[in-house]
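We just call them A, B, C and D in the order they show up, numbering each chain from 1.
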């Protein structure tokens, strides 16, 4: 039996509707415009901007990246053009595309997040905010916001009050129990969760005896971390009632399906954009084809459909 | 200038002397005897046994392993022949080799560790105990011992009281701040620390929609995790005063040197034994050659010798 | 690596030079083959010894017959002669021929790529004076491999294909069923390799007709040396009822059909 | 991938078919080349366009000249013609020839593998009517690459080797030093590529003699598209003193020597 009608690819993330579950991940897709020569942004479920803050951030000194086995480390240091410049220089071009533009925001203290949320709330063309809570909190001695459930709760709650945009809270994997943080974010009013951000790692150049990154440590991403990401998505999906967007090392259709089966309603593609720059577009086609071949009428039927004895 | 005398390879781990810093890691070298056909155990700095407990443990049902990008997952479930069988069946053969035999112990509750330590204390030919605190604590609802500083402290202190053997406490990386756990273990009397154990991960077989491991989740090891391990060794070395044994993805001489530079006094080779079964022996030779070429008279000069601005 | 040829779409025959492995090898044993220096794929792959290569009566190498399944075997199939591969072996316990008497009739049963270890076994049985019955099954005629080699050894395999393109239409276990039914009471021993559902069926068929079966099992492996405990299967204890986990790489890959818990 | 040949120990010349990239390419631009399907190595490697390949006056492909440095380039050197590679490009801003007047004397300076983008540049300069001076340096005669190609375009490179095996014994910056000293006051522009210490020296030499310099920099890259912000170098702001980070892949790889903060 061959399905006559096209399978349904669209998904709903508790207030954020996407035409398909394929989203380009923050920091790996620039401000979107960098990828315009490679494909039509309107085909994608969505895209997340590079992490933005209320000021122009220079970021860390180079070298900022280095390759590791099946992965890479980065310590960009959240360089960005600032929310104002984004709104005036990038957004007008971006909104010409029919895709969900998700703005990733961050700060050094809760007040930075609040200001960012307030500023973006009124802006036309933004589909949702992704709140990156994997940054060091200068008020708490550099401890990452997202490693403490109560700090997470407070941060999300404050941001929640400032905006009616859907909030996707992006969790860090560098914690003992990610489900605790996930529940705090849920309780504080997050619409959805995205996980995972990078694992903290390090590399040393033996010939110079120096760290390979000027910043010494950096974030590990790419296929190497996929098993950790998949486990965290699986665990978290069992502990929260809001939708989950899975990411971490996704580089093929099979990977996309693994994350859906584990409980993600959508996925983000990060590092794979670097070594396979047209992957996001291809995944949309491949997913549709897969659903057709498997006679699945709606992609939502895959979400959480892992089989356990 | 060429060094005339051989470089010094031996190291001292606070009570445990090794002829060189290359140690085969627990669970990846069986009981040592499996690797006898491949090389002379007497050449190695040491070897750690498969994790042993006071009973014969059957372990988890198969499938128990699966490959991931530059890594693998395992959920062996700590299958082992039990300490008594080890002492009678394996140890007599092992002690014929002039290498440090380090026994890895674990339990489901603190009492299991205590009994293991007491039983092994008197046994001839054991160089040290490696205390694996990455197991779920049934008394604490399955929470891993090594994710809580106070549980770590209590466990190590109890074991410390039962044995005069050097204690190497093996830390889990699945924590928010590994240095806190490290300091607890140090305060409780550990002679040395070994890190890292595996990262918790998961894989799904898309064709069957089932987890690839019968146990659903498993431990990620191999080159993929090396940047995380190196970072943790680096961070921990700055927070404790006892020696550190570094492991996690080490698969080449360059990797060994990275861990030494980051602050490890010795290293363990795990997953690499599977895809390069003679690596431990080769690393001993390569390390000596490296020291000679670089005109380094003593391997200890590399320990912590990372250059930072 | 001496040479490699595709013998059917997706099936390859690889010849490796190694007097050490070849001279120590017994049928049913395998090697661990690291396909590439890179970390992707990371682990070596277990592959049965398909036949030994002789020169002037000395064993100088061996062959591997494999099917492209995933990343590792695809990469292997892209290797060309002259490249060197890291291989350790022979590993595991092969088929046990010691306890079978000269009057016994060996029945060799292969499904799909499961014939890989069986050619070497057939050769060994012939060498030791038995003439085994050989039953081979595959999806289609194209995937019925190496019939010539069995025939040139003087054996006439009975064959089945699921699509009926050659031999009996059906499964190799159908062949075995009628074979055993035809010779009720025969004093024989079944040697089989193939997919797990087939082996389960073979075990029960052999048991039904009172024959012992030796089955070559597969499991994912990391070390191949008995060290990682990753490759276990469920086996009945000596006592007969208790479950124990045994290593395919060390206690196997060949197990008694009766002992296996499916 | 059309063909690949070793032109000196450790140095390879790779020819790729791609009318699109070839026809859009300008000297100093580069491509991102994914060496292998596998995840190890993971990231594509940046490689300068060394020359364009023409057929009947149409640009149908281009070459890459590279040195084996690590895992990626070693693997690339093992690829053989017929295999296909994923390449995106041309990327980055190349050398800027728009502002230089016809009376200007281009001085092209290459150190080691740094000559990679310079042959294409020399060709372009000739095409536009300039006859550049070409200064090339390497460790030894063996590593002085592609002299023939410069010569067959009618250029006579001055050369230096560190071991003195060919040309002047010393560094290419020594050559440049005497060259500039010989023609004090010349109206020229320096185009250079090579290791970072060499480029720093070239920048200060050019400045000393009042010339502008355009230097092609290297940095590790992930995307090559300006998206990851991984490849930045320290550049002086327009204001002249403030530090800014600029992307080698997008604002570069060619920067003005005076703007670079070493």
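Definition applied: contacts are C-beta pairs under 8 Å (C-beta built on N, C-alpha and C of every residue); 3 or more make two chains touch, one makes a residue touch a chain.
Remember, it's a predicted structure, so these values are computed and weren't measured experimentally.
Asks: Could you pull out the chain whose C-alpha mean position is farthest off from that of subunit A?
Replies: Measuring from the centre of subunit A, the most distant chain centre belongs to C.
Asks: More contacting C-beta pairs: A-D or A-C?
Replies: Taking the two pairs in turn, the one with more contacts turns out to be A-D.
Asks: Which whole number of Å gives the spacing of the CA centres of subunit C and subunit D?
Replies: Spacing between the chain centres: roughly 56 Å.
Asks: Quick one: subunit A and subunit C, Cα centre-to-centre, how many Å?
Replies: The answer is 47 Å.
Asks: Using mean C-alpha positions as chain centres, tell me how far subunit A is from subunit D in Å, no decimals.
Replies: 37
Asks: For subunit A, which residues are shared contacts with two or more other chains?
Replies: Residues 69-71, 222-224.
Asks: Where in subunit C do residues touch two or more other chains at once?
Replies: 39-41
Asks: So what shape is it, when you link every pair of chains that touch: line, ring, star, complete or other?
Replies: complete
Asks: Where on subunit A does subunit B make contact in their complex?
Replies: 68-71, 73, 147, 174-177, 199-204, 206, 208-211, 216-217, 220, 222-228, 230-231, 234, 249, 254, 257-258, 261-262, 305-308
Asks: Within the complex, which stretch of subunit D touches subunit C?
Replies: Residues 36, 38-41, 71, 75.
Asks: Any idea which subunit B residues touch subunit C in the complex?
Replies: 27-30, 34-35, 38, 50, 58-59, 61-67, 69-72, 74, 76, 79, 222-224, 251, 271, 273-277
Asks: Inside the complex, what are the residues of subunit D that reach subunit B?
Replies: 39-40
Asks: In the complex of these two chains, what residues of subunit C are touching subunit B?
Replies: Of all residues in subunit C, those touching subunit B are 34, 39-44, 86, 88, 219-223, 225-234, 243-245.
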